[in-house]
Amino acid sequence: MKVLKIVPERCTGCMRCELACSYEQTGAFQPSKSVIRVSAFEGHTSYSPYTCPQCDEGWCLTACPVEAISINAAGAKDVMDEACVGCKLCTIACPYGTIFYDPARHKAFKCDLCGGAPACVDVCPRAAILYEEAEVSDWVGPFAAERTHGPGGALTAEVK
Amino acid sequence: MAKRHVIVGGGTAGWNAITTIREIDGGDSEIILVSAENPYSRMVLPYYLSQEIGEAHVFTASETRLGALGVETRFGRRAVRLNPNDNKLILDDDEELAYDDLLIATGSSAVRAPVPGADGANVHSFWTLDQAKEVTASLKPGVRVAMIGAGFISFTILNALIKRGADLTVIEIAPRILPRMVDDAGAEIVQGWLEERGVKILAGAEITSIEDAPGGGKTLKLKAGANIEADLVIMATGIKTNLEWLEGSGVEVNSGVVVNDHLRSSDSNIYAAGDVAEGPDLLGDGKAVHAIEPTAMQHGRVAGANMAGLDTAYEGSLLMNIVDVLDLEIASFGNWNDEDAEVIQIVKKDRPAYRKLLFNGGRLVGAILLGRSRDIWMTNDVGMLKGLVQSGCDLSEWKEHLRGNPFDIKRAYLAVGASGSLIPETLLGRPSVPERDIAVQS
Amino acid sequence: MSDSYAYAGQILRVDLSAGKTWADPFTPEDQRKYIGGAGLGAKILWEEVPPEVAWDDPGNRLIMATGPLAGLPIWGTGGLTVVTRGALTGGATNTNANGFFGANIKLCGYDALVLQGRSEGWVYVHIQDDRVELKDATHLLGKDTWETQQALESELGLSGHQLSVYSIGPAGENLVRFAAIQGDYGHVASKNGCGAVMGSKRVKAVVIERGGKGISVAHMKALYAAADEIAHNLQNDPSTKGLYLYGTLGGVRNLHGMGALPIRNYTTNVWPDGLETKKWEGPSLREGFDHRGHQCNACGMYHCHMQVISSGPHKGAIVDEPEYEGWSGAGWATGATEPSEVSWMNTQLDRACVDVNEWGWLCGWVMECQEKGYISESDLGFRLEWGDIEGANRLLQMISRREGMGDLLAEGVKRASEKVGGEAADCAIYTMKGDSPRGHDHRARWEEMLDTCTGGGGTMDTAPAVQPTEFGLPARIGAQDPDLVPLAVGTMRGRRHFEDSLGACVFTTRVRMEVLCRSIEAATGWDIRREEAMTAGRRTATLFRAFNLRCGIGPELERPSKRYGSTPVDGPLKGVSIMDQWEKMLDIWYETVGYDRATGRPTAETLAALDLEELIEPLWGKEAAARV
């Protein structure tokens, strides 16, 4: 299956992926509704996006009491709005923190790989997000570990 | 001859067991489902009450779907006796069902506070679909609702009651609201939030009787303080596991049916799952009844897998609850009330936000999160905190940082590699299949 | 969400004296006329700050505005424009920063924030969608800008771009006249003491949570097409390719060859002996550090990096990669020639938070005065030699806390040199209005000296011509051509004001105006073309000029200080004097922009053409107004 392969070393924290993603979600540039979300590390010197790994278990999918989450043509777990009641069970079941609840619509929402043409990949000016055949993986962990121990990392003293 | 599985109870646990068996055997066994009610999802009843969804949305496994899965049904029937020696289940119409293996998934029932008048007119529980229908029918704008109990069940329907225009008073016998979901500090914020929005709350209030008032209303008498007048009383005062029918069966019962990590009871071909089961606890050596939807789902799936012949061990259930009241989201995980744990907490009253992290050494063993639904902390962190508790990743070196900023969970989560350690983990050791995609050979 | 595309449609107002906040509409009519950013700021400044309201009067307005492109997926669109009555010139200020201010405030539902009044105690303004609070900032006092942002990240529990913090450092708290406002680790609105204005209002920081609202656009596909076209042009146009790859790092080496690198307070234009010149090429400046991208909203430029210093006494320190202006102000102007030291010093300036250009001229002046004995060691309290970075930082800390002679120097180089007087007064670099020139040696860039002296916003108004052929100008204009330079500066006048109204970065708007207009059309739905855009920009420039005239800043002050306008003594332009051509250049410039040469006022015809008839009476009197 093609997955979103994240290359955090390339990310500059421009947040363009969040803008593009949120447009797909809402028809406006509204990053609070983006399902790919960028974190900063090491005193704003390092950034990485993070999104649903499309895990094998599908914790969200199995947790849903009304079968509102299915697997779409791209292989992504996808929330069907008409079925979702907004009970938020998926948001506590997902151990990745990548399915969200929208209080305005009373619906859960998550990465659906844009049905096979992910907008975040299209717009990243640094090719830090790729859409490739790959195993489901933790693309960000090792980078995050390294960039929280260095100077200015959350685990060292404040930026000097 | 095909193996015969008998499933007792059509709730979440039973339904998940059925679909899992079919995922694995593709229809190669006999399944009989005994269910007193047509299967529906309890989780969605609040949305039925708020009229956001219709009754059809509530049902999970219809006769047609079950038929397509090759499941025989005994709807409207109750199990009354179990005879493990003969591998027989006896139903309330005296039918005897022989089984090769059996799943006890009879769930739990609402209990009412033991006060005079608790079973009178216009006093309702909100647990089953029938009860939900009764409450739905009685609601109209301006109706005075007295909600007895301020626990999770009560809170799941607050939004619906308010949306339907109810004039709401919540009465809780414990000194604070949500006594089994959040601690004092959390309860204080929630109570403030609700009171600012017009909900009347009486905590530490003991009801001595519920009486008919002139004109068709109800009067709730309290041990201390003024009476409460209401048109409608809802009792959300707890639940009990449905175990009575197992009396004399010899199946080992403690708080629930005691099961091992394969969800097997003391009788190896009798399984139990969901609210009725007392199974492995993810965070401890002991066993626990976790009467929550996610546990019912997991129990059902693991039990189903083992019934279908796989050898699937269950790591244990994790207590977790989430509810939002008027866009304030409240969630708790694991041992959120463990008095021996090392605690990191922060209260931001003005936002409002509250977070409590509980550690056992470097391991996160529980958490309380509370904040507005729109806050990035809530939307991001609910799942990540669950992931940290579930994965047991070592957060030792992050504790000091989190003490200063307990909201900075995401970076800790990413840096300790929680995501990477969770990816190989699946409940059944293989990818999940959505129920609707299960192929059954006819 | 707002009724009009691309805009939030609201201006957030904060009265610090009354502790009151509210939102005013930013109407579709005003959006089209003033665009946003500098244009919107100029309108508010003109309408709300009468001449008797001095820069440090509570009645002054500190306008922090963004524009229609902010928060969109066009490169470099986190723009912040600060407009106020400034502390150095006492006139209008138009100064810009990037980062995420523009994106984040718009996502909270505002196109601009206007601070007025003065708080009783120190506060920070906390903006979170509709919720705007003034919160006690006592605990942040004395912290530098980076420490302030860190403290607030921890206090509010948000990290990364979830929180934008634009704050003042100790310099702003102590009303240093060239104090700046810094945000998002390395983005500085620095000119004309805007940080002192913020300090005078007792606002330590403006803190914006990444809002929950959305920005809708008229034509999404066309917007991406325009964004792609802009990106493609920036990557491939020979005039921008260097910027795309290295930001402004390439400047040092190139400018040295033209005599435009301001070495040691304009005392020389020649590299020092033994300098490893290769270190100062763009790629070397970047590769000499562990550098990491730190881009502004939606930007794909290789500009705005962070560095981890890899050697020397500050090894391991995280700094913001200097712009050319930093290499100049924190480096060459003060004789510093070791990149890692300059880089470190540049960030100290951002953190104490002063304007890097004024710093260069001030520190360079002190160094020269010590060398020449105009300022003694006992006056200053220590010996400060050319290129002494630790000494420079000591001076910076003295100034930002107004300690010892730092108190006088905190007034800026014009006032300090006038106070010290004598020969010392002749070696200071400034305009007679009090602006800080940018970090080139303008004796080799006549357009910039002319522009700085005639400008109305506290520094250059127009900047070197971008895509000049689009305006009928020759593709290349000699930097010392006394006829073409003023024609170009006059003709291009308004372009930068327009760019500064968009919420975008001047480095990503270096494309043809028609391309820029296409992006605005896609965002807003307007059928806007170059002429309308230039008119809007000229309107803004004219409002600033009118404001300055009303404050008593007239054409008599439109000239450089003695040193600033001096003749180079060495280097490629040795003996070439700009002042010989000054009056002629002013003549041409005035003619081109349509302002009256004698009074400096925009003519009634110019005002009418810019749809600014309401300015005719205040500038020219009732009679003239009646005639039009």
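When the chains are written out, they are named A, B and C in that same order, and each has its own residue count from 1.
Please note the rule applied: contacts are C-beta pairs under 8 Å (C-beta built on N, C-alpha and C of every residue); 3 or more make two chains touch, one makes a residue touch a chain.
Everything numeric here is computed off the predicted structure, so don't read it as measured data.
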Which two chains does the highest number of contacting C-beta pairs join? A-B
Closest chain to the protein's overall Cα mean, using per-chain Cα means, please. A
Centroid spacing, where centroids are CA-atom means, of subunit A and subunit B in whole angstrom: 28
From the C-alpha centre of subunit A to that of subunit C, how far is it in Å? 36
Between subunit B and subunit C, tell me the centre distance in angstrom, where each centre is the average of that chain's C-alpha atoms. 58
Would you please write down the residue numbers of subunit C that are in contact with two or more other chains? 159, 210, 212
Find every residue in subunit B that makes contact with two or more other chains and list them. 374, 376, 408, 411
Got the subunit A residues that touch at least 2 other chains? 32, 39
Would you mind writing out the residues of subunit B in touch with subunit A in their complex? 12, 16, 41-44, 46-47, 52-53, 57, 60, 293-294, 297, 301, 320-324, 327, 329, 331, 333, 373-374, 376, 379-387, 390-391, 397-398, 401, 408, 410-420, 422-423, 425-427, 430-432, 434-437
Going by the contact rule at the top, pick out the subunit C residues touching subunit A in the complex. 1, 71-73, 75, 100, 103, 107, 146-147, 150, 159-161, 184-185, 210-217, 220, 224, 231, 292-300, 306, 308, 316-318
If we count contacts the way the header does, which residues on subunit B are in touch with subunit C in the complex? 346, 348, 350, 353, 374, 376-377, 404-408, 411
Along subunit A, where are the residues that touch subunit B in the complex? 32, 37, 39, 41, 48, 50, 53, 55-58, 61-63, 65-67, 69-71, 83, 85-89, 91-101, 103, 106, 136-138, 140-142, 144-145, 148, 154-155
Note: in the complex, subunit C contacts subunit B through residues 133, 153-154, 157-159, 162, 210, 212
